[in-house]
Amino acid sequence: MSGFNAIGSDREVEREEFTPGIEPQATWCPGCGDFGVLKALKGAMAELGRDPEEVLLVTGIGCSGKLNSYFESYGFHTIHGRSLPVARAAKLANPDLEVVAAGGDGDGYGIGGNHFMHTARENHDMTYIVFNNEIFGLTKGQTSPTSPKGHESKTQPHGSAKSPIRPLSLALTSGASYVARTAAVNPNQAQEILVEAIEHDGFAHIDFLTQCPTWNKDAKQYVPYIDVQQNDDYDFDIADRGEAAEMMQRTERSLYEGEVLTGRFYHETDRPSYGEEKREVGEMPEEPLAEQYHDDDYEWERSYDLLDTHK
Amino acid sequence: MSEELVWRIAGGSGDGIDSTSQNFAKALMRSGLHVFTHRHYPSRIRGGHTYVEVRASTEPVRSRGDGHNFLLALGDSFARNPQEEAYYGTEEIKPLAENLDDLREGGVIVYDEGLIDVEEIPDFDERVEENDWHVYPLDLREMARDMGREVMRNTAGVGATGALLEYDLGHIEDLMADAMSGEVLETNLEILEAAYQQVDDLEFTHDLRAPEGSHEGEQVLVSGSNAIAYGALDEGCRFIAGYPMTPWTEVFTLMSQHLPEIGGISEQVEDEIAAAALAIGASHAGVKAMSGSSGGGFALMSEPLGLAEMTETPVVLVEAMRAGPSTGMPTKPEQGDLEHVLYTSQGDSNRVVFAPGNAAEAYEQTRTAFELAYDYQLPAIVLYDQKLSGELRTVDESVFDREPTPDLGSTLSEAEIAEAAHHASGKFRRFKRDPDDDGGVSPRSIPGQQGGRFLATGNEHTPEGHISEDTDNRVAQLERRLRKMDAIRDELDGRESTHQTLHEPVEGADYGILTFGSQQGTVEEAVDRLAADGHAVKSLGVSALMPFPEAEVTAFLESVDEALVVEMNGSAQFRGLIQKELGRFGPKLHSLLKYNGNPFEPGEVVEGFETIIDGDEPAPTTRFVPAAGD
Amino acid sequence: MSEELVWRIAGGSGDGIDSTSQNFAKALMRSGLHVFTHRHYPSRIRGGHTYVEVRASTEPVRSRGDGHNFLLALGDSFARNPQEEAYYGTEEIKPLAENLDDLREGGVIVYDEGLIDVEEIPDFDERVEENDWHVYPLDLREMARDMGREVMRNTAGVGATGALLEYDLGHIEDLMADAMSGEVLETNLEILEAAYQQVDDLEFTHDLRAPEGSHEGEQVLVSGSNAIAYGALDEGCRFIAGYPMTPWTEVFTLMSQHLPEIGGISEQVEDEIAAAALAIGASHAGVKAMSGSSGGGFALMSEPLGLAEMTETPVVLVEAMRAGPSTGMPTKPEQGDLEHVLYTSQGDSNRVVFAPGNAAEAYEQTRTAFELAYDYQLPAIVLYDQKLSGELRTVDESVFDREPTPDLGSTLSEAEIAEAAHHASGKFRRFKRDPDDDGGVSPRSIPGQQGGRFLATGNEHTPEGHISEDTDNRVAQLERRLRKMDAIRDELDGRESTHQTLHEPVEGADYGILTFGSQQGTVEEAVDRLAADGHAVKSLGVSALMPFPEAEVTAFLESVDEALVVEMNGSAQFRGLIQKELGRFGPKLHSLLKYNGNPFEPGEVVEGFETIIDGDEPAPTTRFVPAAGD
Amino acid sequence: MSGFNAIGSDREVEREEFTPGIEPQATWCPGCGDFGVLKALKGAMAELGRDPEEVLLVTGIGCSGKLNSYFESYGFHTIHGRSLPVARAAKLANPDLEVVAAGGDGDGYGIGGNHFMHTARENHDMTYIVFNNEIFGLTKGQTSPTSPKGHESKTQPHGSAKSPIRPLSLALTSGASYVARTAAVNPNQAQEILVEAIEHDGFAHIDFLTQCPTWNKDAKQYVPYIDVQQNDDYDFDIADRGEAAEMMQRTERSLYEGEVLTGRFYHETDRPSYGEEKREVGEMPEEPLAEQYHDDDYEWERSYDLLDTHK
């Protein structure tokens, strides 16, 4: 018998089950794009019939990082930039959990950039949502790694001299096997994409455009947006790395020219997830590690039986 | 001392000194001796002077000795050519030249005359004469080349050693047969035999012979790193995340080799921040997990360490000290990270720190670290150093004859969760402000368990884990977390065997020596010598550093007039800790510090102690700092 | 106390409370009063209860008071709707409800009846009665909306305040004219005037009026963060690298605004590891450089900090404490990072740490930090907290009337390098083991200088900087580095004005209060009150934490029978530091701790002190820990 | 007059001037590829006529990190993974210095990956040499981020389950404006590429293949190598981001199939360096900051003159 009976119950789940009784109302500013992520995530989890207690939502620090205060499930609000290493270990420890990591653009592409790169390359089976508002929200509006060049802020009073990073291209180059961009203003697409990402067996990265009306007032609210899958002008194969790469470059560039392209950019279906790779070489047990501790029949080896080499 | 052999094998790193010495040590153990090894090596892959000392005795040995009485000086195949202006000097002769200062009077020297030219060593002959050394130049390289390959000259050296010590090669041959096979084995055996024969034919001028002894129980030869890894495995640790760094790499490597075999997981990750974060993530998800590092790598874990404290996520970290600050001397032992480990990370510390004194304690205290981490839901740290990490010693096999304890401590089952307190919304009260049990521990649930959902956050939080800046909640939560430290102190105080080791060869000693961690054995040996010299002295080796064993240390200090605090760092951090924790005794605490990259030798502690009594000068390799106000 | 106004303005964050209060404080300063502000805000961008207190007096003020005597409660435009089960309760009434506990007897309340319904506040009328509060409900929102925009209701509140305090609005109008223009200015002035008139027509039941005073010299209103930035600029700092984090962001932002204007460079980088590394790189290349952070960000600097120590690269880091551990309570002050800052990073600490007690000291000690960092070639840290960072106070303008000192300390010119010692190969002896000057400092060169080339490395190194594990070199280099600490202590001891502030209102006090950093003013005010009550008590505010001012603190402690150590953390870190450094006095040191997220009020220190004398209970918001052995 | 007279002397420099009298012989193992980097760097600096004292060579920790023990110039041997932030600040502080950063694949792509990404994106004017031996050398042979999948080591006894990172593609995606790969076994090409990289005004990344005979015995010694510029089979435009990207992917892949492609992969000549961008927006002085401290006429502003806003 499993020690984790919330897992795999496969029952009908209402989206409202993901609304915590403790903090049903988020403290984000009025009009904040973060509400859109919350809504889409609740919708996606309900659509997939996930039990709140089989979900582990791991966040970083930022306005975005408060997501799991307003989403009912197991949650781990970690430290700035470190959601991914915490999340991927939880997945290794118990692959039956539905693990979602989330955080801001500063959190994920700034301070956490190295974990992003390495978690993507390892292709851990999890979903990573980056709230991309092109700004540091919680610390009151400093330039972030996705802020456009020339962006003025208190710490960059003359406008940033830095070109923004390319989040989609980085995910692809690093090794993510599902890459998409959606926007808070497009809740239907967002939910669809989240459903796909969660179902994907591998590292799914979603660059989620979330407007910040408080600190990024002059920035676009990400409307009008174009869904590249819905629009005939954009014809590329999301299974083809080269075509995806080109489309991503274009998408990243055009955002700063006022054109908001969203949708799926890359989807590799045959790449094994890290857990599968690790099991394959014999470095990970078949049974979830976390279950061993609840399995009364499990035989625990002891060091006394390993002492031969020391004699 | 006549019953003791201290054999030192010296050469270049990469020349196989390590494995040769390990085999020799094991052979001596199999012959019934107690064995203790000491490694010295540079931060360089090939070449650079390295040695290993094997001390063997009929009596238990708990320390390196003062110097050695048998030197086997091999060549350094990767020595840089001498060149004018080059500051590294003649590297080729170092295996002989660098090891003479520590060679005892009457000691034996075997050196490879094929590679080492004694003419280049200043005053060699005079020194030999003066110290009554017995020198046997042998062309070991030639012997090896003759019969096999040049690299097998270590084997020739061992053969020569056997002959000179009249030590039977049987155990060595067995060990070789375990490690090699086919032609390689054969050639090695031939070389071994030939060297033995050739030397056996010589006229011996020395008296030293291998001692003969026997053990009461079966012995195993283990290092501190082995012991830590075994302690972790036996406590049910099945997840490790790490990033290589000397000397922590040893534990990491051992765990990485064992874990996949027994159904666990090891992850080598992008950096130490990630390593600590992974261990936390795995523990949160219900697995007993660890990580660790040395110096700078542990510094990178500062922030995650605080996250574990605040979210009350159990985790064990090991920290293997080496000489600092910064990169320092990566392969040299020191005890300079004590304060760093106690206090790093913002806010009040809420962690357990143990510094084991030897391999058996390393095993035991690693187990206790896991036990406390999972019972009290906090990080527990095993602080050791390059010395303990690599030193091999004979330990009673029975030390490891213990049952595994894989339980998750204060973790609830689903059935217990159903009975436990919940918020009206169904959220589990993971962080109850006033748990019923004493000790401040509020039992936890694991993701995936029914009815156990909660939020873990590094922010201050309510019983359900939600972020809160309410002042009353803050005070209650912080006090509950700090209360755990008192509860742990009480629990440890109440145990039959404590983590402190009192060594009192004579009754009623009015002088004390205090130390922590890996210097314990050395200090004890020094105490024995001092006692034999008629000094009324005893020692306390402290292992529990946080929570600090106030009562025990106070009792010890109250019972003596003066005390010497022995530690390997430059700023007397352990003495500082005692003073901080007890707020007094400063006027009776003298310090003996060593920070030249080598651990204390017992003789240095003896000399340091005599500084208090007779006002003698301490050994020039150490620094004596008298008590303030003296 | 009759000559003191403590005006508290409360509302939601994002509602402009900050700027309104700042203007009001400045107006009061212009009227000749001494002003001190205290900020309280949540870690939330919009909404959440926030207040600012402005204390104004004819006498210098160095602390917040005990509570306030005038409350202006505005609405919270971002309050969450009340909802069953929601743990945050009725947020709308918080600006009034949350601020009543601290309102003094006889105090004045103005609240926005357009937004706040007093019916929802339990026992409001009873409490008013009981405390003799004078309540003026006004529909401020309505007034603002009538004439302009709802958000201008703060202005209406200030107008009402002016009328109730009979305070001339002239200065406020001037300040508004400086900050705004055109229609916005006009509307605001209209609202201000209208509110004043409307209230002026009411019947007043209270006696409180704005005090009237005058200054001797010109005053400026500055925060601790302003003072740190100015100290850095005046010492020639022209490079800062950082990553935002509350409350350190304030210094970072100020520097980022000033530096480009005066020819310097500010870099916002990818993380705090990089930030510290950049500051080190810039300093190495010959620029006076700084970085800094708070809590977790500073934890990430642990490893680079050690690199600066080992390579003897001068650098100044500021650390702005907030309540920990981990993310803790990001906008709340605490002094819990003391031990972290003193000891983080492996190996023996080799750094300077100052904790200034107020804005003037922050300016002064930041300058000293740069001076010592560049003279002695080590990291110097300015440790302060969220309280000092944001509190505005009136300071004599003359404090800043100092010449800049941009020199690079113990750095050689090319001409001096030519004269200095070199290795035969031409390499500069950057790290001479025995420099001629005392204090262990070996003068440095800068990349690009002729004849100055050397290697900087975090490994132990020779005089030229090459990696070395030679034992004699190690000992000499380590001792030289540690010697710098003694030299700094001597230098500071020898200065005319020390970094410790003794406050002794009555002669021959036999009780002492010790504190460090930002609590100094509060403790001094408490001492004054205690002295007025006939207690023979004095205080010492300690700013130099490393090297520790042994002589001064010893003298202070020897002169008293008992002492109370006041600090904002849960584990008495500062008391621990005293005990560690002095090794005695534990039995006379009691602790008064506070860690609920608010700084001490003078009254709490008074009550804490009375616990020693009379055995009274301390204030419930604080914890009293009696001396061990008492 | 400058305070830094070693700078810009423009004299004839002998390569032997870069050999330190203190440690003329490196302690690397016999046959180590690191010797090749040292040699090429000495050659390049001599070819360019750089004075050893106008060069600042900043390294990380690893066998590779010891480069500046054996190279005579100003040197900064930092900590593991942090050479780039130290180096780029030195360049900002004194743009007249010739700044070169160097370190291992673990150092630069593992622990230092985030600095790599961000330094490249900012396009600091410096040269970054990564000694890529596909292994952690100094710590005795653990798997590194460029070790091939399946690579066995003491910490990965069953073979690594991780796909290696793509160093060239990452540099390009991140924003490096010059990207090349060379090999220790190809000293002429290596020196040429180093010369180009040093002369390039922007972030020049060189992935330098350095065989490690001690721990990576079974790995190829990077022979035979192919210079993509010398071989007609490889026809792409190094000024074209898309073509470069494709060629890089191929190069990265083929290395693990035994084909060693080297040469220039990307060269963007018109992108301003970070220093230029920063000066352009007015956030960096024209005169090198470091010179101000040696300029007796420099007017140091003081805070007293900034107090108006506080009155």
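Points worth noting:
So that you can tell them apart, the chains are marked A, B, C and D in the order they are listed, and the count of residues begins at 1 in each.
Note that a contact is a pair of C-beta atoms (placed from the backbone, for glycine too) under 8 Å apart; a residue touches a chain by one contact, two chains touch by 3 or more.
Since the structure is predicted, the reported quantities are computational estimates derived from the model, not experimental observations.
The pair with more inter-chain C-beta contacts, choosing from A-C and C-D, is C-D.
With every chain reduced to the mean of its CA atoms, the largest distance from chain D is reached by C.
Mean C-alpha position of chain A lies 38 Å from that of chain C.
In terms of their C-alpha centroids, the spacing between chain A and chain B amounts to 41 Å.
The centroid of the Cα atoms in chain B and the matching centroid in chain C are 43 Å apart. Counting partner chains per residue, chain D shows two or more touched chains at residues 21-23, 61, 77, 79, 111, 113-114, 117-118, 145, 156, 158, 278, 282-283. Residues of chain C in contact with two or more other chains: 43, 85, 87, 260, 266, 270-271, 273, 296, 303, 306-307, 311, 326-327, 424-425, 457-459, 462, 466-467.
Residues 14, 43-48, 78, 80-81, 83, 85-88, 242-246, 249, 252-253, 256-257, 260, 266, 268, 270-272, 296, 326-327 of chain B are the ones touching chain D in the complex. Those residues of chain B that touch chain C in the complex are listed here as 42-43, 85, 87, 273, 294-296, 298-300, 302-303, 306-307, 309-311, 321, 323-332, 334, 336-337, 339-340, 342-350, 424-425, 457-460, 462, 466-467, 469, 471-472, 474-475, 478-479, 482, 569-571, 573, 576-577, 579-587, 589, 595-598, 621, 623, 627-628. Note for the complex: chain A touches chain B at residues 3-7, 20-23, 52-54, 56, 58, 61, 66, 68-69, 72-79, 82, 85-94, 96-97, 114-115, 117-118, 278, 282-285, 287, 289-290, 292-294, 298, 300-304, 306-307, 310-311.
Against chain D, the residues of chain C that register as touching in their complex are 26, 30, 218-222, 226, 229-231, 233-234, 236, 238-239, 241, 258, 260, 262-267, 269-271, 273-275, 277-289, 303-304, 306-307, 311, 397, 400-404, 406-408, 413-414, 423-427, 446-459, 462, 464-467. Note for the complex: chain A touches chain C at residues 21-25, 27-30, 61, 63, 77, 79-81, 110-111, 113, 136-140, 142-143, 145, 154-158, 214.
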